[in-house]
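Presented sequentially are two complexes of subunit A, the first with subunit B as partner and the second with subunit C.
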Partner chain A sequence: MNDRAMNRRDVLKACLAAPLQSAAFQGKSKVVIARDPLLRGPGHSIDQPHLLLMLDRALQSFYDRDSAIEAWKRVVKPGEVVGLKVNCLAGRGNSTSVVLVDAICERLQQAGVSRHHIVIWDRLNQDLESAGFRVSEWPDRIRYMGNDSSGYESELSVYGSAGSLMSQNLTRVCDTVINLPVLKDHGIAGVTLALKSMFGAIHNPNKYHVNVGDPYVADVYMLPPIRQKVRLHICDAITAQYEGGPSYMPQWIWPYNGLIVARDPVALDYTGWQIIEQKRAEKGMKTLKELRREPAYIATAADAQHRLGTNDPQWIERVEV
Partner chain B sequence: MTVDRRTFLKTATLSACAGGLVPLLAAPAQEDDARFTIEAKFYEKLPHKKIKCKLCPRECVIDDRERGYCGARENRGGTYYTLVHSRVVAAHIDPIEKKPFFHYYPGTLAFSIATAGCNVNCKMCQNWDISQVRPEQVRAVYLPPKNVAELARQYGCPSIAYTYSEPVIFCEYMMDTADAGHAAGIKSAVVSGGYIQQEPLKKLCQHVDAIKVDLKAFSERYYKEIVNGELKPVLDALVTMQKLRMWNEIVYLVIPTLNDSDSEFKALAHWVKSELGADVPLHFSRFHPDYLLKNLPPTPLDTLERAKAIADSEGLHYVYLGNVPGHPAESTYCPKCKRMVVERVGFTVKSIRLRKGKCPDCQQEIAGMWGA
Partner chain C sequence: MRRRNPFAALIAVCAVSCGSRLDPNQLFPKTGDVPGWSQKGAPRTFEAAVLWRYLDGDAERYVQAGVVRTFTADYRHTDQIEAVADIHVMRNAAGARRILESESADGSQPLSLGDAGRHYGSSLIFRRGRYFVRLVAYQEAPQMPQDLVDLGRAIEARLR
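Moving on to the complex of A and B:
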């Protein structure tokens, strides 16, 4: 959603639609890509101050604010329990970066969110640990916990082809969620970005990889707890992977040194997919369509039944900062 | 075989308790994952630490640290593991008729076990809370093969049944347990969807004594839309079982509007007779709304009776109705003289008139495994 120049009607519409944000994209969907060629210091380690600056640029641009803190205040409110949904399947090699999560936590606290109201979560404690996070459930600190700690709901959430038990990290622990996927290829589903990363919120993701994930990825995202609580997507594109995902394959990663920010998961996925295709073309590799793993679920997520966002480049406002 | 009063009472008592766990398992505790994890038997290693599962026709290609569709098998660094060996999530003592097996030691008990996971995702699954979850998401107990055999013996069960979820996905455990059972004089009966590749099926048939297959419909469309599987491999599996002389019974769950047409019943019965033979028991079972199919009503009785009439007219010898306690079609009739040879009410066997597997009135052989 473009947050600039909202009139009274737009504000009212946005407020009314907030619980169902997925159906409420007015005008063009904004996707901000922030990059920094100096992000990596010696030894390819991430330079924390540069990362923080890049994150600030991305958020300020997305929300059209002069200050990063003001931008973050558009995302969260004091008193809310904010979940950061990370993607840790690829271990330390290519999961959501610890340094990015640290930077977001810093800004969230500066925006008024208490540290004990920040929860970093994914499927399993083991996944979190393997990606470099330390599992911790101390109530007065930032919490890091897998769904195996929080547990799952006992009643099914159902939409279309999807029927799943939802993580209680999503349904009970957190009031709102910021999704932090990674920019990468997926050997079955084509790509795994904002939409597919929410497979980490259900108990049975293994059931939804058939048919290149279509329509399952879109159907899972339609499950009410996901649609209602995921407020922003910040795709970790610091290290991206154009082949061999979702596992970490060092021969197919490249330093994209960027972040991709959007509220519209479909627009983000479409944009990220094109970046991966462009890299594949540079490397002389076949397109995902030629390999019969074009992520058709992105178009499904945009169709009239789902309306999770737009995959039409004419309706995506791509901003590079 | 006739059932004496003691046997009947024992069966009836345990049948009544069939929903309860064996007392030894009444207080399960989560066990260490490593105890349940052994290398899987049927897979192929691929480049870049990927593997291809060769257990079921789905042939999942699985990345490192990922699992297949069943959720019970995991790639760890290019080696494939089953996570459910000896990881029992349900253990009950059931009458064998509950499986249902009607021509396999009627009136006996089966020590029935399951692990978590399944290689399909049927929208009408009655046990989705164990079949459609990952092993670590449900409480389990460590029950190695020898212990299963010992418990079966202790509780007077001549068979171990692998049931409730999908035994194909715990085939290593099933084969080891069947071997342990045989060493203790206990047989093994499998309750499966039959969605399995030929090689593991042939191996499995060397270990177990009977397989009941849930043939969920007779159309690929239904298998794709309702089961998330395929029909053809299941039919191929049934033919292979027959060739290997494995005792086989078939259950067909009749769901209103989805698989209840006359033409489908006729095609099914015709195929069973021509490919497997008229002696394979075919059970038409009543649907109860559950899981993702709560919008449909239970199967009307006249639909089930219509299915039976069609299968009878196709020439099948043993056509039963299931989940309709007290219906005459629960009992077995001699295909020659038409007299009742096994009388059942629900899961209870009231009388067995067979003499050495033959009708006492006309000496017609009744296909099955009847015991002494």
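Moving on to the complex of A and C:
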């Protein structure tokens, strides 16, 4: 800026150019990465007590609380119906882990959420079953159900390039949602993390994969039920995939043994993308940009039209515990 | 200028309609056909238009390469290893080649199966004519690479 005094127009320009998180998020967006090298027991199975400890560390750090239950009480309130949006596209190979979901359910109940107020959901019952969840709609238990059980709204929700019918799991069944994506590569969109995982809440995700998912991923996340109800993201980075996604490709997975927690889906996606790029570099693979599948939708989600969070590393507080 | 083959359209239509007559039960080995392997449940079929229900996010790659339909079957090996076999029926052999070549060869070994193939340890891919086949195991075991090849060979023998 030159040395003349700022007038009102300059002030306005400066405000508009300021980091976007000033509108959507006050201060830096916190992203907590918790890892445990001892997470796996014999035969690569996940050790449940270690996982619970890692989850507690992540949540306590994120909410700056001494106890895990106190942290969870910041997320949910008794009486709310809490949806856990899992990502089961990759079947049992690389979907949201059953053991992680069990651990979250345990903590939710300890935080005062009744078990019949917990709903685990994704696109299809078949997807849930493939990932190792048992579909169940008993009203007095934890429910596991796909959108094909709950149904979709009959009226389109529209934002920008997106026009979709929303899952009633999101719009009617749940009061709030915790998003549980998986850390993985995506052959078209670059990566699929917190933002893109919400494609599982709409009836027509197949329409939004052109142009590396940009601006569709950001536009879909702008649909009001998603923006209003998703309260927290816990990315399952226990087993991550750096190539060949979203389908499970065992040759390109690695045991990251971690969880990534954030409220800002853009900051989480940016952070997860960098982890995947780092792994690709270690393996001598090309960057996603070189392969023409850089996830441009992450920047779009942060732009002035969307303001879903920040992709500016200077405004992301990355905490490793 | 290259002359168009007047029978090309007819051949393409035949290829697609032949695909519709394929019986997945004939393509996948049944329990006991390959030592150690048992088939779990019935094979499922996904037409190109709804392949995204099975491979959401990955289906477009197959559609662009001319997939007609996909058959998939679950397997189990001696009650320890779970695996899935996908047979993608493409419009022509070029489509099957396109899919195979679009995948990274990083960490693979060439596999003498069908017209071309690769082995990645816990998974393998190969193409034969207009078929593209993928086998994926969900657990690791020392003998798994060879067991997977045995299953692959049995499938390949049925793709006539």
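FYI, the second predicted complex is superposed on the first by the 298 of 321 C-alpha atoms of A that agree within 3 Å, B and C clash if a C-alpha of one lies under 4 Å from a C-alpha of the other, contacts with A are read in each partner's own complex, and residues count from 1 in each chain.
As a convention for this text, a contact is a pair of C-beta atoms (placed from the backbone, for glycine too) under 8 Å apart; a residue touches a chain by one contact, two chains touch by 3 or more.
Because the structure is a prediction, the values reported are computed rather than measured.
Student: Mind checking subunit B and subunit C on superposed subunit A, clash or fit?
Tutor: Subunit B and subunit C clash in the superposed model.
Student: Scan A:189 for contacts with subunit B and subunit C and give back first, second, both or neither.
Tutor: second
Student: Would you check which partner chain A:209 touches, where first means subunit B only, second means subunit C only, and both and neither mean what they say?
Tutor: Both subunit B and subunit C are touched by A:209.
Student: Pick one for A:158: touches subunit B only (first), subunit C only (second), both, or neither.
Tutor: A:158 sits against subunit B, while subunit C stays out of touch.
Student: Would you sort A:38 into first (subunit B), second (subunit C), both or neither based on which partner it touches?
Tutor: neither
Student: Quick one: classify A:250 as touching subunit B (first), subunit C (second), both or neither.
Tutor: second
Student: Quick one: subunit B or subunit C, who's touching more of subunit A?
Tutor: Residues of subunit A touched, subunit B against subunit C: more for C.
Student: Does subunit B (first) or subunit C (second) touch A:91, or do both, or does neither?
Tutor: In the superposed model, A:91 contacts both subunit B and subunit C.
Student: For subunit C, sort through 41-49, 113-121 or 149-157 and name the stretch that clashes with subunit B after the overlay.
Tutor: Stretch flagged for C-alpha clashes with subunit B: 41-49.
Student: Can you list the residues of subunit A that meet both subunit B and subunit C?
Tutor: 89, 91, 187-188, 206, 209-210, 244-247, 249
Student: Where on subunit B does subunit A make contact in their complex?
Tutor: Where subunit B meets subunit A, its residues are 48-50, 58, 61, 63-71, 121, 132-134, 136-137, 228, 291-292.
Student: Any idea which subunit C residues touch subunit A in the complex?
Tutor: Answer in residue numbers: 52-53, 55-61, 82, 84, 103-104, 106-108, 120-123, 136-138, 140.
Student: For a test of understanding, state which residues of subunit A touch subunit B in their complex under the given definition.
Tutor: Touch list, subunit A to subunit B: 89-91, 148, 152, 156, 158, 163, 165, 187-188, 203-204, 206-207, 209-210, 244-247, 249.
Student: Any idea which subunit A residues touch subunit C in the complex?
Tutor: Spelled out, the residues of subunit A in touch with subunit C are 44, 89, 91-93, 123-124, 186-189, 192, 199, 205-206, 209-210, 243-252, 283-285.
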